[in-house]
Amino acid sequence: MAITKKEVEQVCSLARLELSDSEKDEFTCQLDSILGYVAKINELETSNILPTSHPILLTNVLREDKVKESLPVEEVLANAPDAGKGHFRVPRII
Amino acid sequence: MDYEAVIGLETHVQLKTNSKIFCGCSTNFGVSPNSQTCPVCLGFPGVLPVLNKKVVELAVKLTLALNCRITPNCKFHRKNYFYPDLPKAYQISQYDEPLAIDGYLDVEAVKIGITRVHLEEDAGKLIHTQEGDSLVDYNRCGMPLIEIVTEPDLKTPHQAYEYLTDLKSILEYLEVSDCNMEEGSLRCDANVSIRPVGQVELGTKTEVKNMNSFKAVERALSYEIERQIKVVQQGGQINQETRLWDEKKEITIPMRSKEEAHDYRYFPEPDLVPLEVSQEWTEEIKTGIPELPQAKRQRFIEGYELPSYDAEVLTANKSLANFFENTTKFYPKPKMVSNWIMTEVLGYLAEANLDISQSKLTPTHLAEMLELIDSGTISGKIGKEVLPEIFKTGKSPAEIIQEKGLVQITDGDEIVKVIEQVITENPKAVEEYKTGKKETLGFLVGQVMKLTKGKANPQITNKLLQERL
Amino acid sequence: MELEKLTCHEIHKLLRSNEITSLEVTSAVISRIEAVEPNVHAYITTTFDEALEQATIVDKELGCGKKLSPLAGIPIAIKDNMCTRGIKTTCGSKILHNFIPPYDAFVIQRLKEAGAIIIGKTNMDEFAMGSSTENSYFGPTRNPWNLDYVPGGTSGGSAAAVSADETIVALGSDTGGSIRQPASFCGVVGLKPTYGRVSRYGLIAHASSFDQIGVLTKDVTDAALLMKVISGYDLADSTSVKIDVPDYSNYLEEGLKDIKIGVPTEYFAEGIDPEVKSTILQAVDLISEIGVRCDDVSMPYTEYAIPCYYILVTSEASSNLARYDGVQYGYRAGSSLLDMYKKTREEGFGGEVKRRIMLGTYALSAGYYDAYYLKAQKVRTLIKQDFDNAFEKYDALITPVSPFPAFKIGEKINDPLQMYLADIYTVTINLAGVPAISIPCRFSKDGLPIGLQIICKPFDEQMLFKIAFALEKILTE
């Protein structure tokens, strides 16, 4: 097994996903086969290879310190599921 | 058994820019909620960050002043976690390739190591309502921050206080931050542990947060060190935890632990490209670094022949140091200038809660006034009355003296007239003086001063009074 | 005249000579959408009123004799992962089912400046994750050539819309083949430019270091016109590159003199449908016959592309999709904060998205980062080198787009790994960041289109157009 159900549960918790028990079983099985397959890259010796994080190499992309107009507050909040007093509102933390 | 403390500090400083770190929103403080936000800092779907050049320049300036090594090719990473003040659910920060590493700051002749200095974006602000839900304001989100992490080189709460004071003074000298703790532009967390004196390995540390002044850092650390020693002496163990300083109760309390251990899943931010701070760019930024507090202090001691205490007070603040130097240009008696600044000027500023740069007093004012005292036009005592008037009105000393009729009376005939009046009105005191009670003279001089509203020249008055009696 | 069947360059000529109006073209396209949409379901949102209004404006400008861009007055469909100010942008997801962006993506700004008529937002796999457009919260799109078949994905809506004449041209996005594979399945032209050629600002991110916006059109000429409009440096995208954009149309008829083409043997190995293989190799023969040198070339790291791609893409996606948490926009469920996060994401995301978020979260988590993410980044370097080496000798590579033609709806949906493996010939291109185009080649015996892929060096899109245009001519003769 590349991944256990318990690990799937930990990942769910990190990713803030609430899966049903049957989904957990299904995902464990699917992720296990995918992880088993992607382990193929371990066949390659890469100790002297530099990682690529961007396909095109660029450095120092910078903008000048100029103020641009902000979004009107009505537009900021227009999509909010819940808002009040010019703020986004979220449920109690605990 | 004796214990010693081991302290490391993490200081977050907001850099002084016009716009946020990754978008063009303004960095003004105190505007209405969410009015300084845009799709980028709100993390709307599809937006991308672009790094503010000024942020890099200010940060490099600071790392040079802290004697750091600049990483030639540094990267931004994403720090992933969910919290409502973090709109993208990740913070753009730096991880294993920060802007600079390996610096130091001399604090009272002790070298405090700087582990790293890195750039990151600030989060928003949560307001918890009485109904139990929370309101989110993203104005602060995306404010440019640098985090300065020290080695665990600090030994006492006082040393931590001194470190922060020195750091703040450097930040102000460099003009990289406003360092306003009330507005949240400077925040400090501390890591602290204790160990028996002589032991090499470190004890379990706690992280102390929520301190809103340098004094609070000092007090919180003192409390926390004592607390840890007590726990250990009673046979207990220190828990590795985050504790919050309660300013009112003057204690630290454990923060409610999150339901799980953090796993931030750092990885290189694919929406930003690496930052290469070249030698040329570094040199260019270096030319913009002014004389720093320590160097200035030394120069004040040697160049102006000031006592080290004076030099320290005068250089703690760049605008004050400039004020001192400019005043001496017009009035080249440094110690005299220093005396007036340290007592009268700073006293007034402290009372008014102002910085010298915000006050109406100019170096020419002060110099002019000191010359008026030297020339005998006014007495030193009158000078102390003139000064607050300058602060209030911004008028020149000569003008104020003129308006208020404060010119010193040096004309002997005029003073003699007043002396006659005093002698007539105080026969008992005169009698006492004549019978040998010499200290009564002071009282009589005082009466002359009272009648002339302090304008009579004290030396002349003294002399004439003695002659008359 | 059936105006909706015309290409952009044909319409442009007719508009300029005042033979037709943009209003007529737009109306024709709208009628066509109304007629076939119940079967094809290429669109999530249509914007007919705005489109007709815009067409009237363009017609007025045309009447004044104003010189207009080749896109002026041309109906265009936009994949629903590009933000359109004031127009719902869902990314095919329940979690954004009601999201109305307060801003336009860079490409949308460019299109508006050019006077293009946005006719609607097209269906897609949720968050551009999939290969069939079956993973849409709004239901699948069907292949216009056979409604039982998938149109490919994830830009399946855009490909089907172009193919079914439900638009003149369309924009799509390509993270691992999402433009080229549906173009191939639907028998249209699809181009994914070099990474950095088109600004990603306003494109809802799937995997940031892979995503590129590109075009889906009826022919190569239209692709060149549309690419010219949307390409170019954008200060708002740090990964966009400051390189001049040539007038691609000028390269179309340059011919193939002195051009050398490589044919990577690994792209014809086991797993490929024999009909696809023979179709592509026959096309290679046709080019050889006109004197173009075509050699077999080896790209040995190809077999590691799928594992490498899926580790990196899911890792980036797990972070990119973390912002959909019910706080600022979109769907929200649950009561307490933690409950809100979990329920919003559980109910708001579909199965494939959740699967990938989990895979990516796992690959980035403590203890696994080096073995998965970092390792895959190094393998990405090797795959990129394969391309660098090939382009030292060849101007372009020719390969299949997909190992097989369109498959039936429902056929692969329950086996995610099999679905991933279908991307074998397209993901390598995104790993290397190079440009590639898919052009219609032949039809299978079942009457389904088979596309051919041409790949070029970074920022050598003009070469792509040159070869694609020549091949298009040869293949239609």
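For clarity, chains are labelled A, B and C in written order, and residue numbers in each chain start from 1.
Just so it is clear, a contact is a pair of C-beta atoms (placed from the backbone, for glycine too) under 8 Å apart; a residue touches a chain by one contact, two chains touch by 3 or more.
A quick note: this is a predicted structure, and the numbers were derived from the prediction, not measured.
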Innermost chain, where centres are averages of C-alpha coordinates: A
Between A-C and B-C, the pair joined by more C-beta contacts: A-C
Distance between the centres, which are taken as Cα means, of chain B and chain A, whole angstrom: 41
Inter-centroid spacing, chain C versus chain B (mean Cα positions, whole Å): 56
Mean-CA-position distance for chain C and chain A (Å): 23
Chain A: positions in contact with at least two other chains: 14, 16, 53-54, 58, 61, 63, 71, 76, 88, 90-93
Chain C: positions in contact with at least two other chains: 99, 102, 209, 235, 238-239, 318, 322, 325, 327-329, 337-338, 341, 361, 365
Touching two or more other chains - residue numbers and ranges from chain B: 39, 42, 50-51, 82, 84, 134, 136, 263, 265, 270, 272-273
Touch list for chain A against partner chain B, complex: 13-14, 16, 53-54, 58-71, 73, 76-77, 84-93
Chain C residues touching chain B - in the complex, by the definition given at the top: 81-83, 89, 91, 96, 99, 101-103, 105, 200-205, 207-209, 235-239, 315-316, 318-319, 322-323, 325, 327-329, 337-338, 341, 361, 364-366, 369, 373
Contact set on chain B toward chain C in their complex: 39, 42-51, 78, 80, 82, 84, 87-90, 134, 136, 259, 263, 265-267, 270-273
Touch list for chain A against partner chain C, complex: 3, 7-8, 10-12, 14-19, 27, 30-31, 33-35, 37-44, 46, 49-56, 58, 61, 63, 71, 75-76, 78-82, 88, 90-94
In the complex, chain C residues that touch chain A: 98-100, 102, 194-196, 209, 235, 238-239, 241, 301, 303-304, 306-308, 310-311, 318, 322, 325-332, 334-343, 345-346, 349, 354-355, 357-359, 361-362, 365, 371-372, 374-382, 384, 416-417, 420, 430-434, 458
